[in-house]
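Got a structure for you, written out below as structure tokens; questions coming shortly.
A, B and C are the chain letters, set down in written order, and residue numbers restart from 1 in every chain.
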Amino acid sequence: MPNLLDGLSHSWLQNAFCGAAIVAVLAAVVGYFVVMRGASFATHALSQIGFAGAAGAVLLGIEPLIGLIAFSLAGALGLGALATRTRSSDVPTALVLVCALGTGALFLALANSFGSDAMSFLFGTIVGVDRAQVAITFVAALCALAILAGIARPLLFATVAPDAARAAGVRVGALDLAFLAIIGLAAAITVPIVGALLVFALTIGPAAAAARISARPSIAVALAVLFGLVAVALGVALAYETDWPVGFFIAAIAMLEYLGAGAYARARQ
Amino acid sequence: MNAFFASPNVDAALLASAIVAALTAAIGYFVVLRGLSFAGHAVTDIGLTGGAGAMLAGINPLVGLIAFSVGAATAVGALGDRARERDVATGLVLALALGLGALFLHLQTTFANAQSTLLFGSVFDIAPTLLRIVAAIATVALVALALMYRPLLFSSVAPEAARSAGVPSRTIGFAFLIVMAVAVAETAQIVGVLIATALLIGPAATAMSLVREPLRGIALAMVLGILEMWLAIALSFTSFDWSHGTQSWPVSFFVAVIALAAYVGARAYAGARRV
Amino acid sequence: MSDPVAAVSFANVDFDRGDRHVLTRITFAIAPGEFVGIIGGNGAGKSTLLRLTIGLLQPTRGDVRVFGSAPHGARGSIGYVPQRIELDPDLPLRARDFVSLGVDGATFGFPLPNAKRRTLVDEALHDVGATPFAEKPVGRLSGGEQQRLAIAQAIVGRPKLLLLDEPLANLDLSVAAEIVETTARIARERGITVMLVAHDVNPLVGHMDRVLYLADGRAAIGTVDAVINEDTLSRLYDRPVDVLRVRGRIIVVAG
């Protein structure tokens, strides 16, 4: 069994930890709002849409991350247009999700690289994370966090009391769309490491766990970030040691955090 | 894919896919009505894990598919009515199941084809014996749906009125989820989880935009489901020619796109008609 | 001596939705500091009237002014308590966080801790009697407690005008009475003009200065005695109306 401490001298493993840490932080902060807004399904859908983008990029022979980001942002716009708040947004979200998966399957089939690429896009991989990818991930995360910090207050207001917010001049519809775009961006940079099918776990798990422990926004966000970092650190380490998919470990740890927080919250009552 | 029409199983494939399409669309009507799209998708995907696990354990994937689907449906039913918590919990269970599925597929040393079949489906190799099983399960599921039709409709549309009229809403809800789980598991085995989800939600939602009466809506959904399925198969087959005989495009791609297009079209048409 | 600027004035306002006349020739002026109850049955146009006052809707005809300017320009001085507060039981937000959204919830920018905001929030919480549960998660509070928080959120930004859309619906009688008392007291202490929509006038009698009675899109404004009597209401409804007073309670009955 490979020794983790020895392995850390390899730059690819360092890259994996760095990349994972960055996406964990962003996912946790975005996840706080996703949990607040009940946008779980949209998050799931956006990561699948990103998958289609990655597959398309593979087909065109360009950097998958570009395809991921492009498709995710486009997907956010599409979902924003189709899934208006007045009717249930679940149906268009579900259909767009399967379309994305189907398109991804198509692109990969056409690119003749079905097996391995599908697996790594869908379930994540810790190998093959290069310096450039870490750099792009960092910049994208920083942008997303800056925008989110800027709109945090109106977004919260619009989520919690939409009518009062509208009366105070908040552009609720525009914020809904902007937030979808942020989810898309966050999902896009998380997919290469954690996998499209499991972005959800990293986004929702730590944030939902934090929400069960504290109702104070600043504390909840800080806890979510902490849980997220723990999940990826352990996940990458375990994936390195066992060679099993990193997405599996992250999903499992996120689930444990959620259940643990729930038990803690119930015990405290 | 020339094999498709040369194969004696063409009829079986078309018939099996039609049966599961109709079944899934009928059940999907209530899935959409009850706002269970996410849960339906989750149950389908969790079934995928069951199928993968079964393959790993060397048993028939259908067994694993049904077991995990039903288990997931039971869990969803038990999670109750608190929408926000249910969404988070559903998503996390789904994520965990997919994580497990990743693990199973990784440990599986035999091969990529089987894995991608479960996910993306291949409707092209249906043995006639399988067709008999499919027909049998579908019949049972449809009969069950027919029997619970009225109380299910009542409790979906007016839950409080139904409850005070004595409808056992929780039990019916549960029973429905089980029937849904079995139906999507069977569908997933034939056409893959992706198509199963698309057929569960697309045709029903499309029918609902066009027709306001439940029985006609369900009938329309079933017809749409079959049409979408067959059109997708036909397009997949002809796509072989587009790429000059190298590749055919996956059926799942076509089903998804057609389902979405039909839904968007129906909504646009209904919106225009109302103005 | 010039006329003092009215807090809210409607001049011959019509509002049509499609071919339905929701409001017809509504004319009234509310003085600063007044507490006006807006009464009428379902569909009478009460919510529409409030939304016109905030500027969320534009009148089909006529003129709406808030403190002398168009509603849009007066946004900062209006506090609004919307009709339905649907708070998910699991919402991870404390009562005080919910209220502080009324201070700067609409402004962009990084939210830094702010002593002034905290003071405003503490005062608002105190005024509505919510200090005991300020740290609790909003979703777990009772309907009455959530209603108090909604009011706190609306007044924390120090508005000059407070609009409440059916705050008493689904509250039991004693809780409703407390809400009205609280609202009247805050309005007096802070000098806020109040328009409170309800479908039953009784909880408001004794607290409001005047009543604006809406029926079939038409309005009559005045003291309770001046408006809620058989002559005025029969004219308003264009049909015979009886007004009964039973042990201090007012009951309006269509003939």
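Note that contacts are C-beta pairs under 8 Å (C-beta built on N, C-alpha and C of every residue); 3 or more make two chains touch, one makes a residue touch a chain.
For clarity, every value in this text was computed on a predicted model and none was experimentally measured.
When each chain is reduced to the mean of its CA atoms, the one lying nearest the mean of all protein CA atoms is A. Chain pair with the highest count of contacting C-beta pairs: A-B.
Centroid to centroid, with C-alpha atoms defining each point, chain A and chain B lie 26 Å apart.
Separation between the centroids of chain A and chain C, computed from CA atoms only, is 42 Å. Distance between chain centres (mean CA atoms), chain B to chain C: 49 Å.
Each of the following residues of chain B touches two or more other chains: 83-84. Touching of two or more other chains is recorded for residues 35, 38 of chain A. Residues of chain C found to touch two or more other chains are 88, 90-91. Chain contact summary for the complex, chain A toward chain B: residues 35, 38, 40-41, 43-44, 82, 88, 90-99, 101-103, 105-106, 109-110, 112, 114-115, 118-119, 122-124, 195, 197-198, 200-201, 204-205, 208, 244-245, 247-252, 254-255, 258. For chain B in complex with chain A, the residues that touch the partner chain are 32, 35, 37-38, 40-41, 45, 83-84, 87-88, 90-96, 98-100, 102-103, 105-107, 112, 115-116, 120, 194, 197-198, 201-202, 205, 243, 247, 249-250, 252-257, 259-260, 263-264. Interface of chain C with chain A (complex): residues 54, 56, 75, 78, 80-85, 87-88, 90-94, 97-98, 101-102, 104-111, 136-138, 150, 153-154.
Across the complex, chain A meets chain C through its residues 35-36, 38, 149-154, 156-157, 160-161, 163-170, 210-212, 214-217, 220.
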